[in-house]
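Next come the structures, one after another.
Two complexes, one shared chain (subunit A), two partners (subunit B, subunit C).
Right, the complex of A and B next:
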C-alpha cells in the first residue's frame, strides 16, 4: 500500500451561516498529483487554508504523515513539510527575486556556498536567473506566480498545495510550473492542485476531486469526471 | 568590487573622520556637547529603525526603556556602590527583561497595538520611578556618580572629550551589531516578515520568535545607552520631557528623517535635527513643532528620507561619471514600501481573507 501523506477526514468550516466546507474527506498519497476543481466559491481555497493552518477548522481532522495537524500553527505545519502557494501570488515585494528564494533556504542551514548554489540552480530551472536582482514588485503577475511557486519548492516539502498556479501565467511559465511539478512528484512529493484551467490541469493530474458548495460531488479520472452530468450542471448552473 | 559598495566605504570613512576629529580639533565644550547629542540621538534612532524599519515594530516606549537603563545603573551605584561600568551592562540587562516582557505580551499583535502597549509600559516605568521616592528620590533627582578611571583615562564630567569617545565606542559596537544582524540570514528573515508576515510563516518561520529576538536586542542596547546617558547628565529626574513620549517622538522623527530601513540614515537625521535645534535655541519649547515641520518637509521632498536622497545623489554621480545606467539598490526600495503602507493594523491572523 502506498504511503498516504495527507488524510482529510470529515472536514467542516462555516463562515456565519455559510457552509463553506461541508463534510469533506479525501487522501493524497506520496508522489500523487491530485486536482481539486469546482465552481467559484466551492470551498477549495478554504480547504487549503485549513490544511496550512491559516483557518481554524470547525470539525474534522487533518492528518499529515500520520500526525494530526488539525488547527496547528502555520509555522509548525510548514516545518513538518507542507508548502503552499496562494491564489493571489504572495511574494516579498521589497526584496529581490534572489532574496525571495534565499529566505526559505535559511531554514535548511546550508553553508553560504551551498545556499547560493541551490538558489542559482533554482533560478536557472525556472528561467528567472536574469531577473535575480530585480525587485519582486517589478515582476509581472505570471512571473510572481512562478516566484512564489519556486519559493515554496525551495522548502523541500513532502506535500505541495498549489492554489491556481496557472492563473495569469503565460504558456511558457505554465510549462515550467507543470514540468517542475512533475519533477517533484517523481521524487515522491504529493501535490494537490486547485485549477480552473481546463487545458493545463489535465497535463498535471489524472485524478481530480470535484467540489461544489463545500461538498465533494464526485472524484475520479479527469476524462470521466468531465463527462459527468452533475459536474457539467454544477459548472454551468441550472 | 561593485561601485555601489565603494560609496558605502566612502560614506563610512567620512562619517568616522568627522566624528573622530571634529570634537578634538574644535576643542570646545559646546561642540563636544553637540556631538554627544548627535551620537546619542543617532544610535537611539538607529535602534528605533532596527525595530520599525526592519520588522514594523513601533516602540513608542523608547524614552521609558532608556529611563530604566539609566536608573538601573544609577541606583546600583547609589545603593550598592556597584561600578557604573558594570552599570552599563546592568542597565542593558534590566531593559532587556522589560523588552522581553513587553515582547511576549505584544508581539503577537501588530503595528499600533505594540506601539500602545510599549507606551503604557514606559509610562508605568516613569510612574514607578517618580513614586518610589525612598529609592529613586523621585522628582528631587538622583545623583549619578561618574565613571571611575579606566586605563588611566579620566571619564569625569570635566573631561567631556573622553566621555564623548566612550559614547563613540558604545555606538560603534551597537551599530556594528545591528549592521551585522541586518545583513545576516536573520536579517533576511526580518525583511521577509516586514514584507509579508503570513508568507513568512508558511515557509516555516516562527515570526514571533524573530520579532522577540529583534526587540530584545534593541531593548538591551537602549538600556546601555540609557545607562550611559544617566552618567553623562549626572542627575536623573523621571520627567516626561527627559524620558517620556516627547523623547520617543524626537527619536522617531530622526529615524524617519534619516530614512526608514537604513540604519546609517539615522546619523544624517541626527546631524540635521540636532543642528537645526542648536540653530534655533531660542524656541526651545517649540522644539517638537520644529521637528514636526522638518519631518513633513523632508518626507515630502525625499520620501525615503535623507538616506534616500544621498543614495539618489550617489546614483546620479555614478551615472554621470561612469556613463552607466543607475544601479538600483534594493534596500532603497525596501524603505519606500512599508513607509507608505503605514502601520499595519490588521488585528488577527485567522480572519485574514486569503483569496
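Right, the complex of A and C next:
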C-alpha cells in the first residue's frame, strides 16, 4: 500500500463571517492523482493556499510526509517538497524562460553543471527549450502555465499542487501538462489538481473530491461523481 | 542668463564633462535607494544617514588608521552592509512580520526614526564639525582645453564598475535571480523555496552598502558631517523620481541627466538657478511621466 503523502484533517478557514473551508479532511497517497472540484467559491484555492502556507488555518491539521506543516512558512513547506502553480500564472516576466527555472537553484544547492542539466532536461520535457532565451513576458498565457509547471517540476517535489493548470492553454499545451503530470505520478509524486476543465481533468485524475460552500460534498471516481444528483445541483443550482 | 557662453565649443564641452562627473555621483547616490524600493517596496528615508555613516567610516579608516583610499571605500561599503543587515534583521523584519501586508507605512516611519537617531548620534559623538579629505586623487589634465580632474575620472570609472557589477550580480548569480524573482512575485518565490526574509535582508544590506561606499568615495566633495545626508537624500529622491521608482539602471541615467542639466544651468544662469530648474524638471516629470522617464509603470530591476 502506497504511503500517504498528504493528510488534511478537519481543516477550517473563515474570512470575516464567511466560512471558506469547513471541516475538510482527505488524504493523498504517493503517486496518486487527485482532483479537487467544485463551483466558484467552494474553497478549493483556499485549501491550496493553506497547504502551501500562504494562508493560516483557523483549525485543523495538515500533515506532509508525517510532518505537521500546519501554518508553517511557505518557504519551509516548499523546502520539504511541496511545489505549486497558481491559477493566474505567476511567472517572473522580467526574466527569461531559462532564468525562471534557475530561481529555485539557490536553495536546491546544485552545482552549475547539475543546474543547467536539470534546466535543459525540464525545458525539453515540456517543449520550451527553444524558447529558453525569450523573456517570460513574451509568452502566451498557455505557455506561461507551462512555464510555472516546469518551474515546479525543477524542484523535484513529493507533492505537486496544480491550480487550474489548463486555464488559457491550447490543446497541445494541455496534452503536455497531462503527460508530464502522469510521468510525475508514475515516479511517485502525489498530485492534487484543481480544474474547471471537464474535458481535461478526467484525463489526469480518476478520483475527485467535490467541494461546495467550503465542505466536502462527495468523493469518488469521476464517472460516478458526475452522475451524483447533489453534484449536479451544486453546479447548476435547483 | 548668459547664452553666449554656449557659442564656445570648449565651454560647452567643459559643462558636459562637469555635468557628467556630477551626474554619475547623483546616479550612484540614487542606486541604493532605488534598489531597496524596487525589491522591498520600502522608501528608505535613512538613506542619507547611511551615506553620512559611510563618510565617517571612510574618514576613520583612511585618515585615522591611514589605510589606502580604495580599501577604505570598500571598508565603508562593507561596514554599511553589516549595519544594514543588522538593522533589517532587528527592526524591519520583525516589523514586517508583525504588521503583515500593512508594514510599509510603519516602515517609512521607522526609517525616518532611524534618520533622526543616526544624525543625532553622529552629532553627539562627532560634534558639529566637518571631517574630510582634500582630494581622493590629486591632479588634473587638460584635453583640448577641457579640464578633467583625476578624481572625477576615478568616480566615473567606479560608477561604471558598480553598475556593471550590480548588473552581473543580478543576472548571473543565484542570489541575484532570487532577488529579482522576489521583487516580482514574493509568493511565487516562496513557493520555490526562496527564503524571502533572507532576500530582503540581503537587499537592504546591499542598498546600504552601495550608499555607504558612495559616502566613502565622495568624502572630498561631501565631508563627514551629521546632516550631510540631507542633501544626498534629496538628490537621491530626485534621481529616483525622474528615472522611475525602483529602477536601479534608470537611476544612473537620470543622475547623469540631472548632472548635465545642473551643470549647464549653473553655467549660463546665476548661481542658485540650477535648483529651480531641477525642481521644474521634477514637476514636469511628475505631471507628464509620473512613473518616471524610463518606466512605463512602477517597474523593478
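Simple rule for what comes next: the second predicted complex is superposed on the first by the 237 of 238 C-alpha atoms of A that agree within 3 Å, B and C clash if a C-alpha of one lies under 4 Å from a C-alpha of the other, contacts with A are read in each partner's own complex, and residues count from 1 in each chain.
Criterion: contacts are C-beta pairs under 8 Å (C-beta built on N, C-alpha and C of every residue); 3 or more make two chains touch, one makes a residue touch a chain.
What you see is a predicted model, and the numbers here were worked out from it, not measured in a lab.
Asker: Counting only touches as set out at the top, which of subunit B and subunit C does A:137 meet: first, second, both, neither?
Answerer: first
Asker: Go through the superposed model and pick first if A:56 touches only subunit B, second if only subunit C, both, or neither.
Answerer: first
Asker: Under the stated touch criterion, which partner chain does A:94 make contact with: subunit B (first), subunit C (second), both, or neither?
Answerer: It touches subunit B and subunit C both.
Asker: Just to be sure I read the superposition right, which of the two partners does A:74 touch: subunit B = first, subunit C = second, or both, or neither?
Answerer: In the superposition, A:74 touches subunit B and subunit C alike.
Asker: In the overlay, answer first, second, both or neither for which of subunit B and subunit C A:84 touches.
Answerer: It touches subunit B and subunit C both.
Asker: Is A:45 in contact with subunit B, with subunit C, with both, or with neither (first, second, both, neither)?
Answerer: A:45: touches subunit B, not subunit C.
Asker: Starting from the residues of subunit A touching subunit B, keep only those that also touch subunit C in the other complex, and list them.
Answerer: Correct list for subunit A: 52, 54, 73-75, 78-79, 83-84, 86, 90-95, 99, 102-104, 106-107, 151-152, 155.
Asker: Which positions of subunit A touch subunit B when the two form their complex?
Answerer: Contact set of subunit A toward subunit B: 45, 49, 52, 54-56, 73-75, 78-79, 83-84, 86-88, 90-96, 99, 102-104, 106-107, 133, 135, 137, 151-152, 155.
Asker: Given the complex with subunit A, which residues does subunit B contribute to the contact?
Answerer: Within the complex, subunit B touches subunit A at residues 185, 188-189, 191-192, 194-196, 198-207, 328, 330, 333-334, 336-338, 349-350, 352, 354-355.
Asker: Contact residues on subunit C for subunit A in the complex?
Answerer: Counting only subunit C, the residues touching subunit A are 174-175, 177-178, 180-181, 184-185, 187-197, 300-301.
Asker: Using the touch definition up top, name the residues of subunit A that touch subunit C in the complex.
Answerer: Per the touch definition, subunit A meets subunit C at residues 52-54, 73-75, 78-79, 83-84, 86, 90-95, 99-100, 102-108, 148, 151-152, 155.
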